[in-house]
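My questions will all concern the structure given below.
By written order: A, B and C. Residues from 1 in each chain.
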């Protein structure tokens, strides 16, 4: 699973020392926990290189090992095997308070007995930064998160979103080489979460610090990240830019986990003019541009295609495209689009998102026969 | 559903009746008793004799102050012993937390007096603790702990230790464990994390623990009578004697109110000093 | 006196913690008593706050013809101290066999003062206190009961055994001249006990309690009536004739003893254990305690009646005026003076019987028994000066200072200022 970065990391902000190599690298990292008599490998061999200034997300369902991975970067857990490097320095076994990374906790973990300003100043005071500088940097940081007027309040007097920003400020004020965020928006309601996503991205651009972001929310990861590592069962399933992960899921897990994806079983038949013909459902033909390395003619595969890439019509379409007939089983009007469920035979169903660009007329009613088609470049074959 | 309106009142009614019957009425009775004159033979007349209070304070000020002092010392010992215990159970107790808590509470299954008496065996001049030390020549032959102020304070601390451990444990236990990680993350070493975060966050528990040990230890009489010597009488012993031996109910009631008043003043100034917010957190 | 343990109490605790023990009552004894003591405060406070009055003197004139119309009821209720009769209640069984009267025996007297506080409000109201017969020590509470007119005057024509068998010294006590209201149940001596393991000379005098050689090793009693007698005797005063000046001098003498550091602590009832472990070398003590401790634990504690004198106290049987069964109660009083019965009682409790004849009977029993543990025990007891004091001993024994209730408070305070500092 070679990392395939497509986005260039932004230039580091003034104040951070530019150095060669990645900000964070994990090399064959394994973490196993003993629960009773069983040993569970929560992280099962992860290699990662996170670039300087990058907004990097660890995405996956709960229990996939993403939080454990982050905690090993922070220094709260020691890897069972493997090496963790920060700025090229091996920090395996180095305590959290001696690592130049800071964390934003899911629960925020704000010190309830301190004011907002004291919370933010905590790290600087431990580092014995001069008083005047602490005051200046805390003030600047609170301004950055737009909480200057709340400096003297206790965390319990703030709203969830404000607490979240205090947690962010408390970590960022130390100008760490990387900021680790563990589901930081998880406790916020949807609207606030969306505005905080924008806010986080803005702040990250302004300070230019490497962000490592743990989330189970694929939308969040896609919106904010420069690169995403999708994790499952302790391993990285796919590493890449959001568009790449979305458009070209490398595994069935990724296809399934990221967005909505149609997975259609099929058998590879022939190659015609650079395109592979795949027989799906009851004899219909789909086209794919390439096959996974191990797959050849006659192999059983899964085809993936995103619902919004599929066109639906009552006429048989023309041209170089997958063409599959079916029967509409359900239509759901969603405002900007209409969702169709189409039975294509062989027990397979395909979901189609149709933009309502020209009004709200249905292309087809429930029970009507339709044709589905999609361009071959939007469809990928995954080994079964 | 108009009776819904009354439901809360109906529910608190038993509590109010309880309070009225077993707190307000006896307190009122005691107050009136403290202002009477007479003796058991002639009867006690309600003369509103405020002089009982003057007599109580002028005769027993030494025992009153000593009780507060012993109570304070015992409370400090309880903090010194109880905090680490609560800390250890809350953070290191693992799956056996309830076992450790049970162990803390175990002495409570034995009668208070019997527990105290057992200290006489431990602290005996030639007992299991001092005997071997004296045999080894580490202590002079005449060294004694029993029947002294330290013995009383230790006895008090021992008997009321769980009242300190439990509230501190309760606070530490429900403390967000990420607070400690956050402190480490922000460059605090273990000492700093404790001093700057854990300790201040657990202060409401300490506050509750102090109330729950200082009040009963100051008013205790068993420890002084079992472990004390000739100059360790606490005000509880005086009250007990005035009630039971002398049947001097007015003086006994007066001392009781003086003690109660002093404790209340103490508690409120203590609460004020610590900040009302803290106190509220305890009750929250 | 208020805290005097009944037989077996303190030795019981010690033995319970040191080795197996005959009586299952032993270990909980002290605890139960203490718990009830605390309960007593609350009960007294509640009782007082409820009615808001203290004592009211009753007119004893109404008692003139008390006995005229009284008849047996066939049952009676008796309040006694714990462990003051064997657990089979042998003497009660014998009484029921002899008379057919059923006895509801309750070990409800744990402490004179709190027991007094418990019955006093009811007596003031003329309500039944739940007992027809009770046992209290000669002391302030008894004086109050007599003064308040709460006790039934005894009809001596119904007490032939008492008249015949009671020792002279137990008749006509100073606290109840002519046994108008009470007859003794058992007596004990407050003297000096010491542990010869630590004290290497013979103790003969009260002055030994003031000897700086025993710094921090001397135990004194906390009870004002008890300690007062020792202070008075140490000063050469006669308790019965003592004046206010004598009391003050006695208190000063005791204060001097305290401040010299000789006194380790003032004990209520729990001095036996420290005496055996060496925390105490010498202490004020009750004869029966020491006798039982030596008899049952095999210790060799010494008990002496000092040259200057010691205290003889007596627990007395009495009938409250609210009794529902006076005839049954006085019959039982009389029954307990039958020598065989008194001997049986003494064998168990180990305190001094008011029936001197019991010594003879006990010796006879011991002869009849021949060999064995019981024979030995009976012989030892019959010969013990602690259970059957000699004539010379009685010469040196004094009662507590008897005082009318209005002087008791002042007297107590004088000595509590010494013991409760």
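One rule holds in what follows: a contact is a pair of C-beta atoms (placed from the backbone, for glycine too) under 8 Å apart; a residue touches a chain by one contact, two chains touch by 3 or more.
Computed from a prediction, not measured in an experiment: that's the story for all the values here.
K.L.:
State the chain with the largest centre-to-centre distance from subunit B, centres being mean CA positions.
P.N.:
Centroid comparison gives A as the farthest chain from subunit B.
K.L.:
My parser should flag the chain pair with the most contacts; which pair should that be?
P.N.:
Top-ranked chain pair by contact count is B-C.
K.L.:
When you take the mean of every protein CA atom shown, which chain's own CA mean is nearest to it?
P.N.:
B
K.L.:
Between subunit B and subunit C, tell me the centre distance in angstrom, where each centre is the average of that chain's C-alpha atoms.
P.N.:
Roughly 36 Å, centre to centre.
K.L.:
I'd like to verify one number: the distance from the centre of subunit A to the centre of subunit C, where each centre is the average of its C-alpha atoms, in whole angstrom.
P.N.:
Those two chain centres are 88 Å apart.
K.L.:
Let me have the rounded angstrom distance from the C-alpha centre of subunit A over to the C-alpha centre of subunit B, please.
P.N.:
56
K.L.:
Where on subunit B does subunit C make contact in their complex?
P.N.:
Per the touch definition, subunit B meets subunit C at residues 25-26, 28-30, 32-33, 38-44, 46, 62-63, 111, 113-114, 117, 120-121, 124-127, 142, 144, 146-147, 222, 225-226, 228-231, 233, 237-241, 243-249, 253.
K.L.:
Inside the complex, what are the residues of subunit A that reach subunit B?
P.N.:
74-76, 95-98, 102-103, 105-107, 109-113, 122-123, 126-127, 170-171, 174
K.L.:
Flag every residue of subunit B that touches subunit A in the complex, lowest number first.
P.N.:
Listed in rising order, the residues are 176, 178-179, 181-189, 192, 196-197, 200-201, 203.
K.L.:
Quick check: in the complex, which residue numbers of subunit C touch subunit B?
P.N.:
These residues of subunit C touch subunit B: 2, 13, 17, 30-31, 34-35, 37, 40-41, 44-46, 48-50, 52-57, 111, 113-114, 116-117, 120, 144, 147-148, 215-216, 223-224, 258, 263-266, 268, 270, 273-274, 277-279, 405-406, 408-409, 412-413, 416, 420-421.
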